[in-house]
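Order of writing sets the labels: A, B, C, D and E. Residues in every chain begin at 1.
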């Protein structure tokens, strides 16, 4: 197997006195879609925040494409090629959709033409955004906002895209669209790490899956294997 | 105890601080001169003087507080009033309460003195002693002047003198075609001046502090507002106003309670007016204006009263002041029943060639009234 | 018996955009109604209109026999309409307990702070948050905050509870617990309107489903009928869902 | 006729007001800081122009070019060194901070420059422009045009440039902006620098029109407050419109009600506008 | 609550003993301190509890001062004039609150700031009633000796401060205080929970006005001369806020501690640094904000 694109080891982080991550180890390989599942409060969001530099880790290492990113600023992390679509979307509410997308490309310096091309591509993947490009992002519906947030993340042309709560609040048809879009992007070489509560969808989408519990990765395995694992089924898939 | 402590609450910070500097110069000059001469003669001994300053931040109630602090904490025997009629009026209650003789160097409005207080004495004559001779001069030199426009700062002294001006003008049959107040802190006078211009007055009478009148004079020129007579009170008596308006100051008239061109033979420590001006210039490299001279005069008068009483007992010094009748470099000094000076004839002057030129009273006249201000 | 909530010709426009256009809807007492529709269909807007956050541009809303079209939110709350927010809105610097106490005190029937606190503890126990009672609401995870929203809603002793995506962000197992919870609420006699994109929730809880699309009601009926409705499949569920459906059911 | 002249007066005054308020509004809208120092910065800019002219003979219009970088650097340093430490604090704390700093600066200026009023007297004076019956002083007119130009430049910077978009993004969501790779602290410093630049530059312009002294800062600050609420916080076009509106309203208020009422009138107007449009005239994209 | 009340009683009794120790200067300081305390406590209702950054203190203060002074000028006895001033402030706060409290955050702050300016100019213009720019002299109460007067105003201010404090303590532990805290955290959510936000905010605003109004009237009688720029000075608003921040916003004793500390600083600096006293005060404020952003109260917590 190739060198991992992202390798995390011994990562610890928390908020003030509250330690949330207790030594996280896992790896994401180039060109794959990986997913991160875990029960409520396991620390998934915290992990993504630590990865993207929003929350400085207290210990551990984050190796990305050969460089060390633990303790780096969000600016450096993004520059290195990791974009983060945060929980709660966090769009710039009073900016137009288009300006939001352009903000995604804030660090890019490859010229207006490349930007315009990528913008067009985004509008193809998410036609609703094209329709609403001049509308303030704050007045979009929940699902539209989620699309805008993913699209904004893509605009930085990242190598690795972190998405927190991918399907949260999305209509079933949109989840399908979004999954399709992500797969397409993935085929073009984008690596993805997705946090997803709908474990069935996650397992379907991802090749590797990491299970998080109480601030640690307790299991990392191909999705195939997990899908048929009775313990996982009982803990995360449930029965109707 | 061998020093006489005199309290001086002053607005050293805040909008009135330029005035505080002037007061301080006058008081300091007096104290230095007196001390250099060995001090004030009190009966058989000589006592040095010490002035205790307190900043009241241009805030009148703070001035009251400062006066009380000076009397009760710093144990001063005498007080120089805070600046201006308003604060003087407010603080005079305190000195009255404690029975401390108080000299007001910058309070002219009659309302300050008619409260029936016994310990307050002021070196400025009432406001109408400025507007009356001014009106006479204008009437005589330019009989055609009969439309008067008045623009006053809504503040105790500027407003009071504007009201006197209105009376003086009406008394002489002139018509007041415009009378408005402007708020403290006004940044723009264009509207008022435009309206005045539409009235085509012969005489524009404006009051305010230095910055108000600098701005107003500049805006008059901007709007091409011209008139045979333009009077401004009291800023033109200050060099900084002349500096800040430059050529626009030419031919603006004003009146004040004193001018360095007056000539009196005083019995005070400064002696003649000339020697006072010389001393002042030696120390501060500039001519004294009326506010600076008044402060020094307050000191000189206090000194003479103490020497006459032969003690620093407040009641006795107070009586010496009440019966005071001497000539000083400031002029003849005699206080009326309310405590306000009644013996002065304030000079009227005009800026000519960038310098204040006295045009009244006749005894010290340096030039004639020139008409036309552009 | 008349309906508990009745919307007649309700429209709401934002500038040129018609987020709701003449919606007619009646919710009977004791019903559990599902409200679904694509993103941006106007579901949250409908909740906002009912609770007085936005005022209907036209049309009327009746609740419990009264016209509530022009009520302010607090008035609606006191008449027995409670809601949860899609984007959760806790008092983040207060503790969980205080959050629910506030709801019991101002929206509920509690006569004193002490009484409200006691009621709040009950509700926290009911939703399973009693362990977190003394934590700062801002430090809760998303799912816990949603449960907190639920507890707040319940503490108001509502007649009608509008749940705007309270189950989003839960994994399947957690969701099962949440479903049991909501069933328990319904069993107390509270009328419930559920907005949810998780078909599993809607299908298993609701006796009736209404579908909004572009601000208009396009379908209403039993769950089994709705999932087969061509327009609903086309606008909302997507073909894949429809294809997977038979295998599921 | 009278009305026309007063309108002209009001517009010219309003142009100057706009320039006073733009930087203040920006800092307030973006950094959520009510910068009490703004008034004193304007005064300091005035002194800079005054001394540049009286000592080195540099024309006030030219001294803007000196004031701009100097004040930008001053503001940048202040924000980066001091205010950034408090940035997450509630607005009243940063207000107290700038209040304290302002007391220091104002006191410092008082000691350094004394309280005397000074004014730049151009030699030769620029004179007045007569258009039919209207008279317009050239110095005010030029100052207003420069003021509006500066404000316009600021607007373009915010609307068009990459850094401008970053400023707007930071204003809306600090953390999300950081995720976009924006160095938030630097943007803060840049924004404060821009606000200071506008203050210094407008001070340099005003020194030619108004007498300056360390004591007039609060007057300018008060105007800035009113204008930026009239126009909507953080909005540069709002500041422009608010400034012009205030100038015109004050002028007509003085004409019709008497100069005494010019100021209360403008304040009353402000409150009315707020009650009718709680986020200012152009406040749609306002901060809160 | 009981413990706080007991402590407060002890504290006020201690303050009441001050005249035994000091001369009239100290009495004057004490009176000013209590006045500042009233300002700070009152601001806490709207600013600390409801979270609305009000700058209206100066407006209430000036209004109360002039209402009391004019009433006395027209012949009302002093006590009645004070009560009248309180009522005027209360009514004014209610009317103003209904209009202004629709505004949020900064906009509210500015609107409330401007109110004082408008009132000042109106009072300035109403020359016949208020004396306008010439100020207004109040009758000097000839009732007792100088010391007796000083004592009288000291105890009057003390009573007012105690009243304001009791009102704050009661409000904090009542439905009102709870509702206000909800409003502070998230107003629309509070609304949705059934809090009548308008009513609560206006009530808080009225509480923040009434005591300040009375304080203004007492102040006017005490200094027996007032003028518009003084009693409508925006610094009253700013100081109220700074004092609460110094003391620690939201705490029970914070406003009082803040007032005491602020006044001591102001007085010390004023006496000792003639030329630069405002600058030194500024420096102290900056240092306090930078190093004790949560106020003095946080010191105790830190050491505890």
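Here is the rule we go by: contacts are C-beta pairs under 8 Å (C-beta built on N, C-alpha and C of every residue); 3 or more make two chains touch, one makes a residue touch a chain.
Values in this document were obtained by computation on a predicted structure and should not be read as measured data.
Participant: Provide the labels of all chains in contact with chain B and in contact with chain D.
Facilitator: Chains in contact with chain B as well as chain D: E.
Participant: Could you tell me which chains are in contact with chain B and with chain E alike?
Facilitator: Of all the chains present, those in contact with both chain B and chain E are D.
Participant: Between C-E and A-C, flag the pair that has more C-beta pairs in contact.
Facilitator: A-C
Participant: Centroid of chain A to centroid of chain B, CA atoms only: how many Å?
Facilitator: For chain A versus chain B, the centre distance works out to 77 Å.
Participant: Could you state the distance in Å from the CA-based centre of chain A to that of chain E?
Facilitator: 52
Participant: Quick check: how many Å separate the C-alpha centres of chain A and chain D?
Facilitator: 43
Participant: If you look at chain C, which of its residues touch at least two other chains?
Facilitator: In chain C, no residue touches two or more other chains.
Participant: Considering chain A alone, which of its residues make contact with at least two other chains?
Facilitator: none
Participant: Check each residue of chain B and list the ones that touch at least two other chains.
Facilitator: 13, 154, 181, 183
Participant: Which chain pairs here would you call touching?
Facilitator: Applying the touch rule to all chain pairs gives A-C, A-D, B-D, B-E, C-E, D-E.
Participant: Enumerate the contact residues on chain E facing chain D in the complex.
Facilitator: By the definition above, chain E touches chain D via 47, 53, 99-100, 102-107, 109-111, 113-115, 117-118, 121-122, 124-125, 238, 241-242, 245, 249, 275-279, 281-286, 289-290, 293.
Participant: Provide the residue numbers of chain E that touch chain C in the complex, in ascending order.
Facilitator: 173-175, 178-179, 181-182, 185-186, 188-197
Participant: Over in the complex, which chain B residues touch chain E? Could you list them?
Facilitator: 12-13, 53, 55, 57, 59-61, 64-65, 68-69, 72-73, 86, 89-90, 93, 97-98, 109, 111, 115, 153-156, 159-160, 181, 183-184
Participant: Quick check: in the complex, which residue numbers of chain C touch chain A?
Facilitator: 14, 36-41, 44, 86-87, 139, 141-144, 165, 168-176, 197-200, 204, 235-238, 240-241
Participant: Would you tell me which residues of chain D are touching chain A in their complex?
Facilitator: Listed in rising order, the residues are 162, 165-166, 168-169, 172-173, 175-183, 284-285.
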